[in-house]
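For reference, the structures are reproduced in the following blocks.
Shared between the two complexes below is chain A, which has chain B as its partner in the first and chain C in the second.
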Partner chain A sequence: MRKSASRPVTPLSLEKAEIPWLLAVAIATVAPHVSHLPLWLSLLTASVLLWRSGLWRLNARLPSRWLLALVAVTGVAGIGWQFRTLLGRDAGVALLVFFMALKPMEMHTRRDAMVVVMLGFFLLLTHYFYSQSIPTGLWLLASTTLLTATLIRLHGGAQPVRAILRYAGLLLAQAIPFMLIIFLLFPRVSGPLWGLPQDAYSGLTGLSDRMSPGSLDNLIQSGAIAFRVQFSGDLPEKSSLYWRGPVFNDYDGQTWRARPAYLQRTGRAPTIEASGKTYSYVITLEAHNLRWLLPLDLPVSLPDDSALTATLETLAREPVRNRARYAFTSDIDAVANRQESQAMLQQALRLPRALDPQARELAAEWREKFKSPEQISNMALLHFRQEAFFYTLQPPLLGEHAVDDFLFVTRSGFCEHFASAYVFLMRAAGVPARVVAGYQGGEINPVDGYLTVRQSDAHAWAEIWLADRGWVRVDPTAAVAPSRIEQGIEAALPAGDPLPALVRIDADWLRDLRNRWEAANNAWNQWVLGYNPQRQREVLTRLGLKEPDWRNMTAILATLCGLALLMLTVWTLYRRNTATPAQRAWQRLCNRLKGLGIARAGWEGPLAFALRVARERPELGEVTREAAGHFADLHYGSGRPEQLQQLKECIGRLNSLRRNTV
Partner chain B sequence: MSILTPFRQWLFRLRPDEHLPIVLTQRRIFIIPAPSGLLFAAVLCLMLIGAVNYNLSLGHALVFLLAALGIVAMVHTFRNLVALRLTPGRAEPVFAGETARFHLLLENTRRHDRRSLNLAFGEHEKVNLDIPANAQAMIAIPCPAPTRGRLEPGRITLSTRYPLGLFHAWSYPHPRLSCLVFPKPVETPLPPPSAVAHTGHRRGDSGDEDFTGLRLRQPNDSPRHIAWKAVARDIDHRPLLVKQFAGGSAEQLMLNWASTAAEHDLETRLSILAGWVLGAEQQQIRYGLRLPTCDIEPALGAAHRDACLEALALYA
Partner chain C sequence: MQTTGKQSTVAEIIAAANQIILGKEPQIRLALTCLLARGHLLIEDLPGVGKTTLAHTLARLLGLQFSRIQFTSDMLPADVIGISIFDREHSEFRFLPGALFSQVLLADEINRATPKTQSALLEAMEERQVTTEGETRPLPEPFFVIATQNPSSQIGTFPLPESQLDRFLMRIELGYPDRDAERALLEGGGRREHLPELAACFSPDQLAPLQKQAAAVHASPALLDYLQTLIETTRQSPKFIHGLSPRAALALLAAARAWAFIDGRTMVLPEDVQAVLPGVACHRLRLINSASHARPEDITQLIRTLPLA
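Our next item is the complex of A and B:
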């Protein structure tokens, strides 16, 4: 028996041994924010936490309220000055981090400790503003375990650290089935509930609505994924994988601009004549904060909430601010806008005045020489191929006459330079032409079969309008560096050109590793991050729930949670059999004797019972006495292990006795 | 008395438990969210709004995980109490004004530890203990005993917030407990010699070897026995005291209700008698007690002392 001195009830003030747990909570929840906080704030936070740890080690008094108030006011003022507000998302996170660092400084009671833990839970959520990747998820799972363990430590007194962590793990493991049920069935609302602060979507990358020399190469340097495609049948040749993005019609001598959608309303609705062979696929597009979707050139059926503009761009109704899935059908041989409006053709011929005289001269020459637009176009491509043009990601700077400089001086550039110069030449030669930006190519991930398109696949090409064939795609880059189109950018570039390590991967095992990692990420994106109201409806319909709405979802949610709770409660109440082997064997023997007509009374000890058996049923007395002796030794005294075996043998002997008597 | 009283009676079973050991079945355990549980719920609501607003799918997952953790914590808080077995133990008598300690044996027959169990009588001071798996622990629950008599502390409040502090689970085991509370002794000198019974020897000559205590000086005491040091310690407040020595005397003392000053009230007179009992016991003088309702023959020893004190405690 354990004698427990009645110790006083959990005191309101914190024990010294509880402080490190709370400091660990503060560090674990604050640390991942360092990557996007201003440096001074990170340093301040770190030094405050270090100071607190030092005070804990030295067992020193906490600083006075005046000093703390001074630090707090300074910090808040600094944050306000840094972000120019205290209300935005980033400023809010910075404030929370700062408070989290400061709170342990005036932590005296259990209530303060609870505030720290709750603040920690909230800070965990704010990490997702910046990253929802698998590592973040794992880090947060670890932090949640730490926070749970801290709660256990606060409410359960001193225990070994491992015991606390194991119990926290047990609690979380039991929570996970509930979490899955709620995650699957909690009726999702598509946000936002109110206007988001300005900085909510900062830092999203993708194609921009303008193109000037050098604007694409930042993108091309990035190995980040732009979108993933899942084809439902076979997929086209790699060289026809043109993912159509913004169309640039307006040129001012340096920059190509897309025409805002509201200016395109005047154009007639596009007409697309399908060739018959179509491809169906679903694009999982990463957020880029603009409205372009990137279907395979040309889309013949579009997802809801999107529309085709007069220049054959596909626009979503809202900017793409979250990773989302879009289903398309495309026909890569479709003919578009055989009949084109005059206004549109005029736009496609417009050039800035008095720029690039040499290029204009060259175009005029071609115009004299060739009659048909096809011939002019072919001449331009031939020009690119025969003259010494180089494909490089590090082109020299261009001057005021950008096209002239490129065509006659530097002669090196990449897709945007070629597309820009080609379209300039075509327009100057009287052929309606425009620049199209998007992505070209992609790479199949053998692990999950998704086609992965990266920012490094960003591309720019051209379109010319021919009277009988409508808009025809021409890719001048293909004339210079055909391998760019057929194999991808890493094949087209000279070996010395810098590319991010992830884009240029030679080692097979590394590529395989990357494929696996990205497939895992994709599954994560598809099933965890992409689980929105629409996806929820899809999944529940597939699970056999007809017309899922919030009412029957809530009902099923409640039922399943109730069932899980019931199972957990039964597990709690279930009493495992704690009888020893000796007790079980003795019980079995008594049951046999009961079957023979002599039952042991509840108060009867084994030896007394054996005596009674010997008196009333002498033929059973011998074996019962022996069994009772063994059991008494095993249970009450210091029985030897072999006695258990002997006790069991008694049961066997009793059985044979019974057979003989019956 | 409110109209809810019968309901409360039914819900909380406000009557003593007759069967021992008391086993805490699920019917006897109550659970509500603790204040920090409400704070937790509020934080979760805020987090959910944030997750919805920013379309954070992983944020949803985190909120749901924490909500699930709350549900699991509820079951575990309940588990911390369920199937606990309680057996009341003894309670040593105390003097009025002291704190009685009721011993209770708690038995954990489960394979998990039970931690941070708080036990208290009503609003009185709580005590806290842990019981490891398959173990027993003895605890003494304090209960103030302000007045003499038989103290019945009533039901025990056994509560816990382990493991996460989000829920408060409690039970009202109500074993039949009682404890004797003796009158608070008032230290007064032993009664005058009129109460001393002579049996052949003269008081004071009874022995010279073993010092046993002090008493008021009587006119016929030898000056050799005056406790000068004790008198000097507190000269303003004490009358002259003489040292008493024991040595096989058959001296007897009858502590008589009637010999306490009649101007005192009942409780004070009982307190004076209790003080005499203790004094006589300490000085090893055989003593008896004479109350209007009962007589206890002179004797010595702890059992006799307790019998005398009990008679005083229960004096109507």
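Our next item is the complex of A and C:
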């Protein structure tokens, strides 16, 4: 900061032409934060920057320190009030953004400019707290270039903007080998380097641990990706792709709830009889802040750090807070829990008392009529199919007797209504049954071959327990809208129903574009963001490094960085000594002649050499003389650009001469 | 490649001179180069190999006024420059210009003169003007000195010091004629008698534009790089006591330009530098072990150690 306004201008003061660079830095580093900052702060920041730009345009003096202090105090107070603290991620970033806007206001000296640049570099890092997507990466890359260019401008004086940017780009390009080496080899730690606060996960979407009519509804409206699956062999029929999530056992008349995890542990370990045909695959699960993993029904081998509960749910040890990869093997025809504990069966029969009398009556009727649970189940499915049930994402509201309303009044709903009503009927008829939530289907992205499962593929189905077959999956939705299972939700819904724009896509090119974009995102996730210690180990093992530990990794890192540095140095020296295009062409021509048995001595000038060639090898004299003339003009005279081409043509003529003579 | 229209005139001169001095085309070219580069020439060789004939021929072909001084050990500066004598009729001193006041001056056996006389001549060569008795008189334009000297090992000579040698743009040796040339000489008789028959190829005022054009021949950065590398090599070489001076570098460039001009080119090539380098460098470089000047072979060797970029 300047002591007084009358202080003489020092050589360290800023030029006017340097100001726009610094303003651009401020804007570039602040802009992406707008997406999550409070609106008032974004507006304040924007207006301060605008104010500063105006002062620059008008060549006006910067405002007094008192005014600046007032603005600063107001802003900081506002941030403190908004976030209830000045510490922590969000408040901290908000403060930095605000300071970044304010600093140009007191930018008098070169030192102030350096503060802006350094603050800019720091702010770049903070963007990764909020987004690690490809666009963010690209934006930050561009901003880094701008920051570097600004440093070049501050130190190198006035030059054309393009020259500065090119120089900055060159510097960054030279950093790429180091970036790659460090990215690949720097010893990785599990999880993010800095602990993110809990609120970082509040916005995640996904299945929930409860289900009430309408809860899946929101999810289905979302085209966001739930997870991606990479099969290592062929993959099952689409109608068998049931991705098993939470199991809902407890019903209170409106809401189905999953048993809390600590209760599930009391259950008996599940017994699974495999059928033989298995599928291996890796799921890249997006963070959803719950512990459920979503394997293909039923998993027979699980990743570490996860376990199968008594209700055949796969639970991770910790809630999934980061995108993570899980390897599974599943057997879609496996038989599970042929022997089931009484407690579990009791659970699967429990119903709230005094609700839905009509449904109970219907169930009792079936129970009288049919002896076997299979028949009862078939009857229920037949009921759904024969009565005029209607599949829609916009069902009418249900009253207190939700199941009765659905079965006998509204008769329209989607998977959760059907699953819920079916399980109710089964339980009322004395067949152990439960609701299973998860995802059904998915779509192969032709670009990278990954199966993409979206939130809109969320689904709920049912399971009944049969004495000889264990838990058997029954999907009542399939009875009503078979196309939902076979083709996906967009085929099952009537045309008028709202769906997210990206789920129902008619234009092929748009679908193709989406596929490409998602494949790029997936590659980014898999290889850049998902490059964790395990992946690093895989890569290093593939590179032939046995037992990579941090010690030899550091050694290799240092060696490779040294090598890269050496190569850059050699390249720079080579570039400095290297020849012009004309010299390279002349050198090539001389090499050809050497191949023909007449070598130019290093000290021999072009014309002298051409004379000697004409004397010793008259058949080569003509073309050499012409080439020497062009080279002399280009290198020592004021040659015309087309002469380079003619010189190169001489090489071609020499080549054909050689072919003809040899 | 571009050529200049003046090439033909220059080529004519060379061809005509070849008729007089047989088998010495490179030396004739070098002498002409020296003249076009506005430098002075020192011919060092034994008596009777045609030094005087060369000087005479050039003067005649260029249509220049020619005079000759035979230096001896008792010669005084006034003998070269001229003297003022009292004119009784007009009651004033009148300056009688010496042999110096001519366009081509042949200073024969310059190393026979005492250092005092030598330096009077050499100063005039450098300044292109003469100051006597408070009056400065310009020398004629063009002013071209061809000095000859016998190899300084001979008795009764005053070898020119380094600083004086530096005034000569080039020093060349004529050498014995080869067998064919000598036979032609023997058959055709002395060449000197043909001299009066020679017609001038052009007039004196045509020379100045030619010199100007020669000085304007393009020297590219690449060529200057090469030239500088050459100069630096002489400075670093363990063979020579001193390297070439900046004045020598300027001389080298000027000579290379003139050489390129004679060749009809508009830019200087490394070949031009290489061609004039022995003439420009030999008398300026002194060998460490033999205390004599560098020989052309030393220079050729030096050139061959330096590859072109």
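One rule holds for everything that comes next: the second predicted complex is superposed on the first by the 555 of 662 C-alpha atoms of A that agree within 3 Å, B and C clash if a C-alpha of one lies under 4 Å from a C-alpha of the other, contacts with A are read in each partner's own complex, and residues count from 1 in each chain.
Heads up, the rule we're going with is that a contact is a pair of C-beta atoms (placed from the backbone, for glycine too) under 8 Å apart; a residue touches a chain by one contact, two chains touch by 3 or more.
Since we're looking at a predicted model, the values are computed, not measured.
Contacts of A:R615 after superposition: neither chain B nor chain C is touched. Looking at the shared chain after the overlay, A:Q583 reaches chain C, while chain B stays out of its contact range.
Contacts of A:S638 after superposition: chain C is touched, whereas chain B is not reached.
When both complexes are overlaid on chain A, the residue A:A601 reaches chain C alone and has no touch with chain B.
More residues of chain A are in touch with B than with the other of chain B and chain C.
When the two structures are aligned on the shared chain, A:G156 is found in touch with chain B, with no touch to chain C.
In the overlay built on the shared chain, the residue A:K16 is in contact with neither chain B nor chain C.
Of the two partner chains placed by the overlay, only chain B lies in contact with A:Y167; chain C stays clear of it. Chain contact summary for the complex, chain C toward chain A: residues 1-2, 218-220, 222-223, 265-271, 274, 303-309.
By the touch criterion given at the top, residues 579, 583, 601-608, 629, 632-633, 635-638 of chain A touch chain C in their complex. Those residues of chain A lying in contact with chain B across their complex are 1-4, 6-10, 89, 114, 118, 121-122, 124-125, 128-129, 132, 136-137, 140, 144, 148, 151-152, 154-157, 159, 167, 171-172, 174-179, 182-183, 186, 188-194, 196, 200, 321-322, 528-532, 561, 565, 568-569, 572-573, 575-576, 578. In the complex of the two chains, the chain B residues touching chain A come out as 26, 36, 39-40, 43-44, 46-47, 49-69, 71-73, 75-76, 78-79, 82-83, 101, 109-111, 115-116, 118, 120, 125-132, 134-142, 161-166.
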